[in-house]
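Okay, handing you the structure first.
Which chain is which? They are A, B, C and D, in the order written, and residues in each are numbered from 1.
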Amino acid sequence: MILKEDCRVIEQIEIADSIYKLTVEGDIALTAEPGQFVHVKTGGREGPLLRRPISISSINREARQFTMIFRAAGRGTFLLASLLNGMAVDILGPLGNGYPLSEAWPGSTALLVGGGIGIPPLYELSRQLTLQGVKVTHVLGFQTASVVFYEQEFSALGKTYITTVDGTYGEKGYVTDTIFKEQIDFDTLFACGPIQMLKALETGFPNKKAFLSLEERMGCGVGACFACVCKVHGDPDGRLYKKICSDGPVFRAGEVVL
Amino acid sequence: MILKEDCRVIEQIEIADSIYKLTVEGDIALTAEPGQFVHVKTGGREGPLLRRPISISSINREARQFTMIFRAAGRGTFLLASLLNGMAVDILGPLGNGYPLSEAWPGSTALLVGGGIGIPPLYELSRQLTLQGVKVTHVLGFQTASVVFYEQEFSALGKTYITTVDGTYGEKGYVTDTIFKEQIDFDTLFACGPIQMLKALETGFPNKKAFLSLEERMGCGVGACFACVCKVHGDPDGRLYKKICSDGPVFRAGEVVL
Amino acid sequence: MSMLDVTLPGLSLKNPVMPASGCFGFGREFSQLYDLNILGAIMIKAATAEPRFGNPTPRVAETPSGMLNAIGLQNPGFKEIMAQELPWLEQFNVPIIANVAGSTEEEYVEVARNISRAKNVSALELNVSCPNVKEGGIAFGTDPLTCQELTRKVKAVSAVPVYVKLSPNVTNIVDIALAAEAGGADGLTMINTLLGMRLDLATAKPVLGNTTGGLSGPAVKPVALRMVYEVSMKTTLPIIGMGGIHSAADVIEFFYAGASAVAIGTANFTDPFLCPGIIEELPVLLKQLGYEHILECKGRSWNHGRKPAYHRA
Amino acid sequence: MSMLDVTLPGLSLKNPVMPASGCFGFGREFSQLYDLNILGAIMIKAATAEPRFGNPTPRVAETPSGMLNAIGLQNPGFKEIMAQELPWLEQFNVPIIANVAGSTEEEYVEVARNISRAKNVSALELNVSCPNVKEGGIAFGTDPLTCQELTRKVKAVSAVPVYVKLSPNVTNIVDIALAAEAGGADGLTMINTLLGMRLDLATAKPVLGNTTGGLSGPAVKPVALRMVYEVSMKTTLPIIGMGGIHSAADVIEFFYAGASAVAIGTANFTDPFLCPGIIEELPVLLKQLGYEHILECKGRSWNHGRKPAYHRA
């Protein structure tokens, strides 16, 4: 059920340079799943016209709370970052289809690969996979040391490699470099991040079962406006397009054209 | 000197139904005069495009503070009313020409007539006239009891009559009814309020020295855009127009066409 | 007794509020959010003869109080719409207005002839104003004679009344409106989007995959109101007004300007529950303003004081 | 070494930022706020042959991210401007662009002939696009042939280069631009305001005294950018771009689209110190984006990668 609620801010912390962790309370938490996102109206009535899509990064059903981790990048996310405890924020969600947890069976190994602000949804995913008895490994890529976040949180769940593009923290380079170098073995791959990273993973592991979360500029966020479509492989005239907001954002690797 | 400053909010109180008294700190206070106004950017960067003209209702030079009294009427004034102590508000001013204090000589009697949100500028005027040894009488008109404000403050300075249109407080009717009924005598008239009130005063006291403060929708507030012009008497082709923002808002009765 | 019922050619509306074409898909998504039966009507996404994928992404960009879109008339083609979408919509007791688009006269005629015969299509909206596809209609909406001719041909084959959707990207909107009227249109819908663009500061390139796009949202409301005002004074055709409507007050402004019904586009993205919200709020606001029926507001900006042209039965 | 100097016909600008006509009066008011010498140029308020009072008030109304104005070309007439305003402006070392308006060809020609001979007028801006006066120019800006003819006549009498100010209220802005070019224009300024209106909820009447007005401010920026983009690809005339500029980033967007200089209108009301602010910020932002001179940005959205057409001496 998609809800539009005024969620109450429980906590807002800057956990890295311009990276905020925002926990809110609302019934959206009751049905949210890892990999789903919410569409947030920032700035109230005076704020930007369009909602902002932000992934759900952790869920606490009992407390009716969920958390978003986002980068204050532009007008909307700056406004989001300015929310204080107790304030209300208008959130639509949960939206889209999350990661298929059932594709990783107990005892198997899952590799979770994230880049930058693509990392947040992997956290709840990792928690639920772990609960399910799946062994998780994380490879998380950042631009630079000052924006690294959640290393400890991920490490508590499984082996965690950190890379930075400029080498100021962890391994220097891209996540794929590390995966190959460390010869990480896995049964299922779950990823979220920049399109170049997703492409590299898709071509790097053509025979692996992999699930990739995509991003696109959105209008409605619910599947009505055709803003966020992508093409499906082997269908050049685009009859079999997919909408990232409602068919995705998570797709099986090879399903849609990256 | 016209300044554009981020003034700090010292105090914000709702003094009557939807009527707010907002005291701020800034150098504008150092040169402001009664009857002048400021042009306020409400809502910060996200707020409305145009500034809002608000009269200066009292001035405290020593403390570098001045006060505005305004009605939360629409988008801009609602945002203004939501400011809390310590916040900054972008104010341009002081603007326009205030009431000519020198036109009331010590020992003479001044009648100050205000209607609704036209009343605020009369307060600083009354204070300064009193200081100057002028005897002041006030006739203040409101719509209804719940929006009456500053009766005590004005009473402390001189005889004060209150009227309400619906008779829920003070005399029922318009300010002019009361002036005639009470046969109030005066040497100089100072007024601010709805155009109908100003017209009634102008025609009611054709031989008295009177100064009227006008309102008009404004663009720039400084005299550059020609949004707020009014015509001058005896000049049908409008060559001798006046700009309310920079030539006014206070005009001698009979000078401009109401 | 309803304060909101409005009867227009082909359309018996319980209220004059409907989602605008392209902003509501074929209703499936929003039906998860609320009961579509409460809507006055639904304007479905444009239909063309063949399926279209549309433009490259990004297809939307935000602007001050507005948005640009360059979807490019993506749709599965009228056959699929008639096979899958319209039958699904039959479960609702809501008139459907089918938006018809094309690149050639023949395409418009083909789509109109067919889709107008769907069971639950009550009217066509002839989209001669989509700015986002090359050879995609806009030529039909900017030249009066072409518009008249197309309207005539579509009217000739349509089984239901035809509303022509006007483009604001013209020097003289009244000329186009009168051309549509001369071509036999039963009504007008206006406005479609204003052609605009944004450039990316870092790359200097257009933000939209299609370079330019259509501007909608509150930013365009003053332009839309002016056009509805101008056109409503000059034609007798009913107008479904749209462009930046975000509140019940906006709806009434469009009626004042001369509209007989309104459509809501972009605002569905800001608040997906806005249509039901407005429908609920309208009677309250009307009462507050002293009206007994919304049609008393129609054209009031220019026929002020005159008796409303429309009387309920 | 300046990153901002730009040379255009008749105009040697230390920077390409100037207040737009009608938003800065004749400079007197803003001279109380800052030293006008820092400006690239000043576009003064429209001049007509005789003094004009303009439209009834209210003359402005706010809209989402924009404003409507219907000043109605109020001005004291070119004689008074030449006697009082221009001599006063001589104290500043800033090129003046005189905005010329009229109701007839003869009026335009008369004003242009005279005001172009004022000592400190460096260029004329031919206002064929004011939407706010009946018979007030807009016809000259919406019909290509009329525009061409007027430009030719004004060029023939002007002692300085002539920039034609284009109206956005047209179906095809390129046609008008090419007509101005054919008429001998030395440059273009664009855009003037989009025709819009607002209605009062309580009274149902238009908010503006003049019924309709011109929309300006950030709301129109996407439309302005699109038009500058379209026109700059099709003419060789330099363009002074305007419409919703509120920041240094906006200025660069207009250069990307194809402008060679910019004007700032409405934003002077929001922040009267904006012009100096932008002039100060531009070099910083340019450096940040990797440019050495602002002209490297010119037309970059469509001539991407190509060497800038303009080289400094």
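FYI, contacts are C-beta pairs under 8 Å (C-beta built on N, C-alpha and C of every residue); 3 or more make two chains touch, one makes a residue touch a chain.
Just so we're clear, the structure is a prediction, and the values are computed from it rather than from any experiment.
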Label-sorted list of chains bordering both chain A and chain C is none
Distance between the CA centroids of chain C and chain D (whole Å) is 34
Between chain A and chain D, centroid-to-centroid distance (C-alpha), Å: 46
Give, as an integer number of Å, the spacing between the C-alpha centres of chain B and chain A. 55
For chain C, residues contacting two or more additional chains: 65-66, 217-218
Touching at least 2 other chains, the residues of chain B are none
If every chain is a node and every touching pair an edge, decide which shape results: line, ring, star, complete or other. ring
If we use the touch criterion from the header, which chain pairs count as touching? A-B, A-C, B-D, C-D
Show which residues of chain B lie in contact with chain A when the two form their complex. 43, 46-47, 79
Quick check: in the complex, which residue numbers of chain C touch chain A? 22-25, 28-30, 32-33, 45, 51-54, 57-62, 65-67, 69, 71, 74, 76, 217-218, 266, 268-273
Contact footprint of chain C on chain A as seen in their complex: 1-2, 4, 41, 48-51, 92, 216-231, 237-239, 241, 246
Residues of chain C touching chain D in their complex? 63-66, 68, 142, 169-172, 194-199, 201-202, 204-206, 212, 215, 217-223, 225-226, 229, 244, 249, 252-253, 256-257, 289, 297, 300-301, 304
